[in-house]
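Below are two complexes that have chain A in common, paired first with chain B and then with chain C.
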Partner chain A sequence: MQNVIEISDLSFRYPQQTDDLFAHIDLTVGKGEWVALIGHNGSGKSTIARLIDGLLVPNKGTIKVCGLQVNEKNVWQVRKKVGMVFQNPDNQFVGANVEEDVAFGLENQGIARSQMQLRVKKALKKVSMWEFAKHEPANLSGGQKQRVALAGIIAMKPEILILDEATSMLDPEGKKDVIQIIQELNQQENFTVISITHDIDEAALAGRVVVLNDGKILQDATPKKVFSRGEKLLSVGLDVPFSEKLKTALKKEGIQVPENYLTKKGMVDWLCQYVSKK
Partner chain B sequence: MSIRFEKVNYIYQQATPFEHQALYDITLTIPTGSYTAIVGHTGSGKSTLLQHLNGLLKPVSGRIIIGDQEITSLTKNKELGTLRKHVGVVFQFPEAQLFEETVLKDIAFAPKNFGSSEQEALETARQMAKLVDLPEYVFNKSPFELSGGQMRRVAIAGVLAMKPEVLVLDEPTAGLDPKGRIEIMDMFQNLKIQQHLTIILVTHQMDDVARYADNVIVLEKGHLLANNFPEKIFSDSKWLQEHHLALPQATRFAKELQKRADSFNFSKVPLTEEELAIQLIQRINEVKQNDE
Partner chain C sequence: MNKIILGRYIPGKSFLHRLDPRSKLVLSFLFILIIFFANNWRTYILLGIFTFFCILLSKISLGFFLKGVRPLIWLILFTVVLQIFFTRGGPTYWQFGPLSITHFGLVNGGYVFCRFVLIIFMSTLLTLTTSPLEIADALENLMLPLKKFKVPVYEISLMISIALRFVPTLMDETEKIMNAQRARGVNFGEGGLIKQLKAIVPLLIPLFVGAFNRAEDLATAMEARGYRGGEGRTKYRFHAWHKNDTLSCIIFGLLAAILLFLRSW
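And then the complex of A and B:
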């Protein structure tokens, strides 16, 4: 697998800080991977995303995006490879209507009008928002706005999609819609996805979960491995999966529960077995 | 302090081409000392309703009775001063409203505005800072040096410093990590018990509704859809699905379990993992006894 992100020996601190926010971090992400980056508020997750996109400059170490080192010379090329969706849907809408918003990035790159119309239409269809092309942002829900933000990025044809808590302000339905589109983009179009999240269901979809804590990478493993931390997940910024919460509640009532992590389905299976064995 | 809405209608930009009705004939009661959750989708009228609770908006028709004060379309703004002391509102991302040099000064702003002396106000601020579990070493720091969770506590203490009887919370945990969320929600629960507050919570988190609320108001497109106990609201999953509302995790899990094995039927809808665990153990014991 070809690496699309290579971070080596990365250290960073904000000007007003006396200590490094993180130090000597190494991380690679392969093409087509889905990596969830987790950590508590202030652990530096969003900072890493901004460093990858060249919005911040590291104190030490290097970052390569699709083989290009992120520096002053390459930054514009790097940004063509990376699309970012942020938390607040209202802060990202720049166009007067949906169509214009999606076209904004393409206009900036000087894409020919006929080409542009085609790409906008295709991108909006991809996120099921084409019928809203002429709508103003005021009439859209948060989930719809985030889908438009995604379309704006798809139209630019980047390699990597970074979602910085992109679903955290959405209601449950908006969240489901956005996550489903991201899944399609990852599986069908081979987009590399980095999702920064506190949401256990979103993290569960990733192939790898990277846990950032106290300025270093605490764990880099499958969701199953990371989730087996159980109640201790809270201290690294993730909610405890429901199956683990139920296990804790059952244990308190004196029931012996399996030690390893169980998905919700796994937990249903186990309970059914437990009852039939009695 | 109980709150009653009687046939409340609200229309934005009335008598203009942009006229838009946000509330239709809302009649409901929020009992004193209750923990009431307001749920509904974007555009359901949650925020509009919330702004009626301390007179930021006044009904176009109908009336609202809060304690012994009546609010109608004719109520003058200067009559609302005392109401705003009784009903404290914590808006979304309240830390954006911090502005003072130190944490204590920021919290003391409201009591000073309502006529306390500098000394009294700072004393109140100190008490409130302790109430929201802020550590003493941050009291004289700039609020802007604190973590997101701590900044939010400062803002909440600022609202509590008015000693309100009703505390209105508009998605108070948005943007916090799960640990911060649990800490803040537990803090409100303690405040309710210790200070005998009436709490009104606007949220999308059905797990929080299930865990904390004892009264649920469901809004849809400006209409009141339901006002009932959480056990009642969450017992009709078909109705919830029709209105695109989620079930709490424990309730959903119980349903999945039931689908798989008939032996799992729940006499009462479990709302939290603790309730679910207790009912599961009862079932397990029953099965055991039948076998013996």
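And then the complex of A and C:
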């Protein structure tokens, strides 16, 4: 598997800080992977995303995106390859209406108008927002705005999609929609996805979970491995998925539960087996 | 806020709605200019008929235009009354000290009234049939020659369109902050002047801070999507000059010619 992001020996601190936010971090992400970056507030998740996109400059270390080193010379090349969706749906809506917002990134790349129209339509259809093309942001829900933000990125055809807590301000319904679109993009179109999230159930969908704690990578493994730490995750300020919580509750009732992590479906299967055995 | 009709846009599909915003903007400006050339009843009747014809063409009910005049009616009446009382000439009908009502005064008062109403009707017609963004586009287009004089036309137009896009968002936020502060016991619009001004502070400061945070988020998002200034950008929004635009220019030219003819006749 080809590496699309290579971070080596990365250190960073904000100018007003005295301590490094993180030091000597190494991380590589392969093409087509879906990596969830989790950690408590202030653990530097969003900062890593901004460093990858060249919005911030590291104090030490190098970042390579698709073989290009992120520096002043390459930064615009890098930004063509990386698409970012941010947390607040309202504050990243640039255009006056939906289709113009989707076209904004394409305008910046100087793409011809006829080509733009095609791409905007395709991207909006992908997130099923085409019938809203002429709507103004004030008339859209948060989930719809976030879908438009995604369409704006899809239209630019990046290779890497970074979601910086993109679902955190949405209701459960909007969250489900956005996550489903991301899943499709990752599986069908081979987008590399890096999702930064506090939502443990969202992280459980990723192929790989990276846990950040106090400026270090605590664990970098499959969701199965990470979540089988169960209770220990709580000590670094993180939550556990619902199936883990259920297991803990059952354990308290004196029921023998399997030690390894189970997905929701796995948990249902195990419960069925357990009940029928009785 | 809903009372203000000036600057509101009513979506529609009439002849005027479909005109190119550039021609609309320039023509309404020129119309206001030629109103000042009118100097007798014939010319004012001509302009009045033309304005009425335009209003019919826009398919917007006359009520909206009358509402547009309403907030300015006192200013208009004040000016008209001053004209009537202080213009001398022709037969005098009534006199008291420096005040007098003369034939000239009455005629001039009538002209001033017509001028005001026509100007307001025309500018209301422009804003009712043209969305704010179209006006911004038209301004950008018309400002393009200024680029030679190093005026940052693209930046100004981006600023205008972002400002317009955030108007409803910021209005919502203002409403939210006001309600939040009310819930905590701030009384808006009550008490003396000083007290009222003091009540605005807990509204203004959070609004400013919010706007700064928004600006920062927006700038980051724009940069992440590859925005690097106006140069080398293409435009998604596009306005084409149609036959109808040429037609309206010709009609306007005719109107101006007839007006100039009637003026000296």
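Convention: the second predicted complex is superposed on the first by the 274 of 278 C-alpha atoms of A that agree within 3 Å, B and C clash if a C-alpha of one lies under 4 Å from a C-alpha of the other, contacts with A are read in each partner's own complex, and residues count from 1 in each chain.
In the analysis below, contacts are C-beta pairs under 8 Å (C-beta built on N, C-alpha and C of every residue); 3 or more make two chains touch, one makes a residue touch a chain.
Just so we're clear, the structure is a prediction, and the values are computed from it rather than from any experiment.
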First (chain B), second (chain C), both or neither touched by A:242: first
First (chain B), second (chain C), both or neither touched by A:172: first
Which of chain B and chain C A:202 touches, first, second, both or neither: neither
Partner chain in contact with A:120 - chain B first, chain C second, else both or neither: second
Chain B versus chain C as contact partner of A:94, first or second or both or neither: second
Which superposed partner A:33 touches (first chain B, second chain C, both, neither): neither
Contacts of A:104 with chain B and chain C, given as first, second, both or neither: second
Touched partner set for A:234, first chain B, second chain C, both or neither: first
Chain A residues contacted in one complex by chain B, in the other by chain C: none
Chain A-facing residues of chain B, complex: 41-43, 147-149, 174-180, 182, 204, 206, 244, 246, 249-250, 253, 256-257, 260-261, 263-264, 273-274, 276-278, 280-281, 283-284, 287-288, 291
Residues of chain A touching chain C in the complex: 50, 53, 55, 76, 79-80, 82-84, 86, 88, 90-96, 99-100, 103-113, 116-117, 120, 136-138, 152-153, 156
Residues of chain A defined as touching chain B within the complex: 40-42, 87, 141-142, 168-169, 171-174, 198, 233-235, 237-240, 242, 245-246, 248-250, 252-255, 264, 267-268, 271-272, 274-275, 278
Chain C to chain A touching residues, read off their complex: 133, 161-162, 164-165, 168-169, 172, 213-214, 217-218, 220-228, 232-238
